[in-house]
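Labels run A, B, C and D following the written order; every chain starts at residue 1.
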Amino acid sequence: MLQEYMDRKYRTDNKPSVEANLIKNNVAIVGIGQTQYTKNSGRDELDLACEAIQNAVDDAGLKMSDIDGFDTFILDRLSLPMLINSLGTPNVRFSCEVSGGGGAGCAVAVHAAAAVATGQADYVCCYRSLNEASGHRYGRGDDFIEYMPVALTPNYGYIWPLGFVTPLGWAGVWGRRWMHEFNITREQLGWWPVVLREYAQNNPEATYFGRPMTHEDYMESPMIVDPLKLHDCCVNTDGAAAYIITTVERAKDLKQTPAIIAASAQCCPIEQEIQTIYQRPSISGLVETWYVGQELYRVAECGPDDIDVAQLYDPYSIGGIIQLEELGFCERGEGGKFVEGGDNIRIDGKIPCNTAGGLLSEAYLHGWNLVIEGVRQIRGTSYNQVKDVELSMVTGGPGVASSGIILRR
Amino acid sequence: MTVEYNPDQKIPHPAMWGVLYKSSTPFWEGVKNKKIMLQKCKSCGNLLNPPRPMCPKCQSQENEWITAKGTGKIYSWVTFNEAPHPAFKAPYAAVLVELDEGPRIVSNMVDVKPEDLEIGMAVEVTFEDVAEDLTLPKFRKAG
Amino acid sequence: MAIDSIKDKAAIVGIGVVDFSTDIGRTEWYTACQAIKLAAEEAGVNIDDIDGMVKSVDDGPDPTYTGKGLGIDNLLYHSENHWGTSAMMNAVHAVAGGLCNYCVYYQTAHRASGPEKCISDFLVAREFRDDSLDMVRYDYFSPFGLIGEPGYVAMMYRRYMHETGIKPEQLGWVPIVASENAARNTNAIFFDKSITIDDYMQSKLIADPIRELDCAPKVDGSIAIVITTPERAKALKQEPVIINSVASGYALEGQNYTSYTRDVITDLPEMENMAKELYRVGGMGPKDIKVAMLDDTFAPYVPMQLEALGFCGKGEAPAFIEGGDKIRVGGQLPVNPDGGEIGQGRFITTRIVEAVRQIRGTSTNQVANTDTVLVASGAGGPADGMICRKE
Amino acid sequence: MVKLIEGIPIMRPYIDLDNQGYWDAVKNHKLVLQYCTKCNRFIHPPRPMCPTCRSQDTMEWKESSGKGILYSYVMFTSPKMAYPAYELPYAVVLVELEEGVRIVTNTHEIEPDEVQIGLPVEVMFEDLPDGQTVYRFKKREA
C-alpha cells in the first residue's frame, strides 16, 4: 500500500470486487438528530445522547423500539446497557465499536451499514455524546498529569515524557514537514479556518455562529503549538448527535429523502499510529486518506471531479487541507495555493468543504456533525446548501486509521 | 449481626458524579437525609431504578422524585466468606431488597446473622452512619 | 442487493493458539502478532493478504498497533466489539459484505501474569473507562461490600437456587465434567486429573453460594481466527468451518452480571434473544446441535444457558447436568469438550477454537460425527453466539 | 532548552518486555535501536516482530551513532496543549538518525530560533533529579 501510495498507483486486484460490496447503493442514512452544541451543557452525556437519538428517530419517522442496533467508537463514556435501559429499545441485536479516534468518524457508518446490508439489524443508530467543553476534553496537555506518572502505552512512552502530549502537537510534526516541503505559508493555512467560519455564520447551531472572523483575526490569533495557531484548532463542544442507518428498501417508507451510501471505506496502512506516523519514508502526506479516497472512488465508480461537496474531518486546518490533496481535489503540494483566498472551498467553488462550519467552527463531535451535514446536503436542507448535490463526501480523521463515505441522492 | 468494618480502611464511597452523571445525585442526597428516594417518570408514572435521564417505557425526559416507605422483602443475598475489599470484615452478607414500591436495591442487614437470612423476609430501612462522611441505607427485620 | 441474512456466508479457515500459561513471559503485543502469524500459516493465507482485523474492546492491542507489529499494509476493515465474542459478527459482516477478503479475529489477554511487563495496554479508551458511566452502577453495590464478579453472580444464583431448587450436588457436575475434559486436553492447564463431587463440595464458598471451583481461573493466552468467504476458503489449506449463523442479543434492564432490577433475575433474556435469532437465521433448532460450547466463566450460567438456548425446558437444567452423563462426550449434548473456561482459564475465544476442532474432527476430546456446534458467550450480560457447521 | 518546573513530576516511559533493552540502554547513556539480523534493517519504535520478515527471534539491539538531522519539529507555546512540567516554550523535534529511523526527542542548548529543519544534531543524556535518565539532542558539526 505504501508503495502504491508512493507510485500513486492503486492496486485493485487484491480488493474484494465492487459487485461483492453489499453496502453500495443498498444502505442509506434516514434520520439525523442532534442537541444544541454548547460550551457548558449542564447535563450529562447519557442525557444528551437520549435527546439526540430521540431527535434522529423522530426525524426518520420511526419509533424508538424500531432501533435494533447501536454503533459508536471508543473513547466514549456511555455504557451501552445504560443507553438501552434509558431509551427502552427492547429488540437490540447488534452493537459495535471501533478504535482509532477521529479516524473512525465514518468507520462507524461503515459498520452500521454492513450490519443492515447483511440483515443483522434493521435500523442501526450511530451516536456520539460529549461534554468536551465543560468536562473531559480529549487531548489536552494538563489532563495527563493528574493520573499518569507513567505513559499509558509503550508507544506513548517514547513521546509523552518529552512533553509531547497532544494530538495537535503530534500532527504539527508532519504538518510542518508538509509546509516545509511544499512551501505552504501561514497565510494560506488561514483560509481554511476563515471560510469555515463564514459557513458557521449561516448556521445558527454552530458554536461560532454570530462570531465572524477575518483573515487578519486569524493571523493575529495566538500560537498554540507552533505551527498551529488557536484558530487552526477545533472547538470544544458539549453536545450529542445521532444518525440512523437502514436499507434503501426500508427507507422508501420513511419520512426523509434517504442519503444513500454509494461507497464506504476504512483504511489502516503500514506503520500506522495515532498521529505519530513518523517512520514512513515520507510524512508530508497522509497515506490513509489517499487510500480511503481511492477505495471510495473505486467502489462508487467515480472520481474527485464528481464530488459536489465534501465534509473533511479537520481537527486542525492542516488536516483539512492535506486531505484536499490526498483525495485528489488538487495536486499534491498544491493544497496551500488551492485554499488561498478561499474561493475554491466556498459554496460555489470547486469543492465546497465543511459547509456547516466543520470541526473548527461548528462543533467537535468527533465527526458526527460532518456526517449529518453530508446528509443535509443530499436532502437539500443545509444552511449553506450547495446546488444540485448528487454526491456528498464525508471523511474520518487524518493521521490515524481513517475512513470515509460517499453519499448520493 | 451488622457488617463490621476495618477502621483503618476506607469504605468504598459512591462516586459523586455531579455533572458527569446527574441522574443519581438525588438518590444519594436523599440517603444523606435518611430517605430512600425513587425516580418516577412524570409522564407515565414508571419508577426508574437505577435513576436515568429517559423513561424506557415512554421516552419522556421529565421526572420527579418520591420518597419510598422503606419497607420491603429480601429478594436474594450473598454471604462473603472472603472479603473482596479490605474495608469489610468477612463474613458478611449483602442483600437484595425488593421495596414495596417495586424497585430492588442492594444493602446490608442490621442485627441479622447471614445464616438466619431468608428469601422473603420482611425488612425495613434504617440508616447507619458508617463513616464521618458516609451514611448508608441498611435494613433490619420488620416489626 | 442487500441480503436477508449472513447464513453460510462466511467460514473459519484457520486458527492460531499460543500455549496458555499463568506466566507467559511475553507482552500482549508479542503474542497477538504470534497468534495471527500461526493462524495465517495454518490457513495458508499470506499475512500480506490479511485485510480485516476485529477484536473485543478490552483484550489486547488494537488493530492499528497489531497491524503495525505485523507489518500489515492493506487493512480495509477493522472494528472492535464490547461483548463476548461478538467481534465474530463484525468479521462475518466484513467478508460477507465484500468489505475485505481475509479477516482475523484475535483475542490476546494476559490476565494471570498481570499488568506488569506483559500487558500492552494500547487502549487510550481505558483512561476514559475510569469515569465511564458504566461505573455508575457500582455506586449502588460497592458501599455495601457487594464487590467483584463472584459476588454479583452469587446474588443472582441464590435466587436461582430458590426458584429452581438446584442443589450444589447438581451444579457441581459442571466443574467436574470440565475437569474430566480438561484432564484429557493437553492445552488445558488447570486440571491434571478430574475432580470428584466431594472435591467440589469442599471447594471454598468464596461468595456463598458461589464456590472457588465455580469460577474460571485467570490465564495468559492469545488466539487468532481467520475468516473468509466459503468461496475463497476452497483454495486454502484447511477444511473450512462454515458459519451457519451469528447473532447477538440484548434486553431491557440489562447490566453485565448485575441485572437485578428485572422482574425475573434468574433467566438470561439476552441469551434467549440471541438464540432465537441464531436459530432463525441458521434455520436450525436446538435438536440440530451436536456439541455446545457454553459460557462457563461462572458455573451457574451453564444450566441457565441450557434452558435459554432451548437444550432443555425451563427448570429442567439441574436434572440435565446431574451426574454429568448428558453433558459428557458421548452424552445427549456434550458441553465444552475442551474443558471450557473452568478447565483452560478465562478466555472466550477458546470456545470458537474448540468448535472448529470438533468440526474438523481434531479435538483431543472428539465427539463422533460432529457436524454442528453452537457457541455461546456473554451469559449474564449482552450475549452473542454462532452456529458452525461442516461444509 | 528544556527547563523543568520544580515540583511537577516528569512522566516516565512505559517499559515492557518488548522495549526493555531500549530503556535499559538509555539508563546507561546509550542509544540503541532494534535491528533485524535477517533483513539487516533498523526498526523503531521497538516492537515484538520484524514487520518485514515477520520473525520474532531475529531482532537484537544495536547501538546507534546517535547522529542525525532535525527532520521536523513543533514548538509548544501555550499552556493549553502543553505538558505542565516544562517551561514554555519548549521544542519537540523529530530526528532522522543516520541509521534511517526517526525518533522523537527534546533539544539541549538549542535556542528556539535555531530549531530548524536540516540542523545536524547528536544525542546526549541527562540524569534528572527524580532518578530517571532522558535523552535529548544537541547541535553538532555537520
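By definition in this document, contacts are C-beta pairs under 8 Å (C-beta built on N, C-alpha and C of every residue); 3 or more make two chains touch, one makes a residue touch a chain.
Being a predicted model, the structure only gives us computed values, none of them experimental.
> Which is the least count of steps on a path of touching chains running from subunit A to subunit D?
When the steps are counted carefully, the minimum from subunit A to subunit D is 1.
> Taking each chain's centre as the mean of its CA atoms, which one is most distant from subunit B?
Relative to subunit B, the chain whose C-alpha centre sits farthest away is D.
> When the C-alpha atoms of subunit B and subunit D are each averaged to a single point, how far apart are the two points in Å?
Taking the mean C-alpha position of each chain, the two centres sit 53 Å apart.
> Could you state the distance in Å from the CA-based centre of subunit A to that of subunit C?
Distance between chain centres: 34 Å.
> Compute the distance, rounded to whole Å, between the mean C-alpha positions of subunit A and subunit B.
Going by mean C-alpha positions, subunit A sits 43 Å from subunit B.
> Could you list which residues of subunit B touch at least two other chains?
Residues 17, 20-21, 56 of subunit B touch two or more partner chains.
> By the touch rule stated above, which residues of subunit A touch at least two different other chains?
Touching at least two other chains: 44-46, 77, 82, 84-85, 88, 148, 152-155, 270-271.
> Which residues does subunit D have that touch at least 2 chains other than itself?
Expected reply: 15-16, 18, 51.
> Give the pairs of chains that touch; include all such pairs.
Touch list across chains, by label: A-B, A-C, A-D, B-C, C-D.
> For a test of understanding, state which residues of subunit A touch subunit C in their complex under the given definition.
1-2, 14-17, 19-23, 26-27, 44-46, 74-82, 84-85, 88-101, 107, 110-111, 114-120, 136, 147-148, 152-155, 247-249, 264-274, 295, 400-401
> Spell out the part of subunit D that touches subunit C in their complex, as residue ranges.
On the subunit D side, the touching residues are 15-18, 20, 47-52, 54, 56.
> Could you pull out which subunit C residues touch subunit A in their complex?
Touch list, subunit C to subunit A: 1-6, 9, 27, 29, 49, 51, 57, 62-65, 67-68, 71-83, 86, 89-90, 92-94, 96-101, 120-128, 130-134, 136-137, 247-256, 273-274, 277, 281, 381-382.
> Can you check the complex and tell me which residues of subunit B touch subunit C?
The contact residues of subunit B facing subunit C are 3, 11-15, 17, 20-21, 24, 28, 49-50, 56, 75-85, 87-88, 92, 94, 96, 103-108, 114, 119, 130, 134, 136.
> Please output the residues of subunit A touching subunit B within their complex, sorted ascending.
Going through subunit A, the ones touching subunit B are 42-47, 50-51, 54, 64, 77, 82, 84-88, 131, 134-135.
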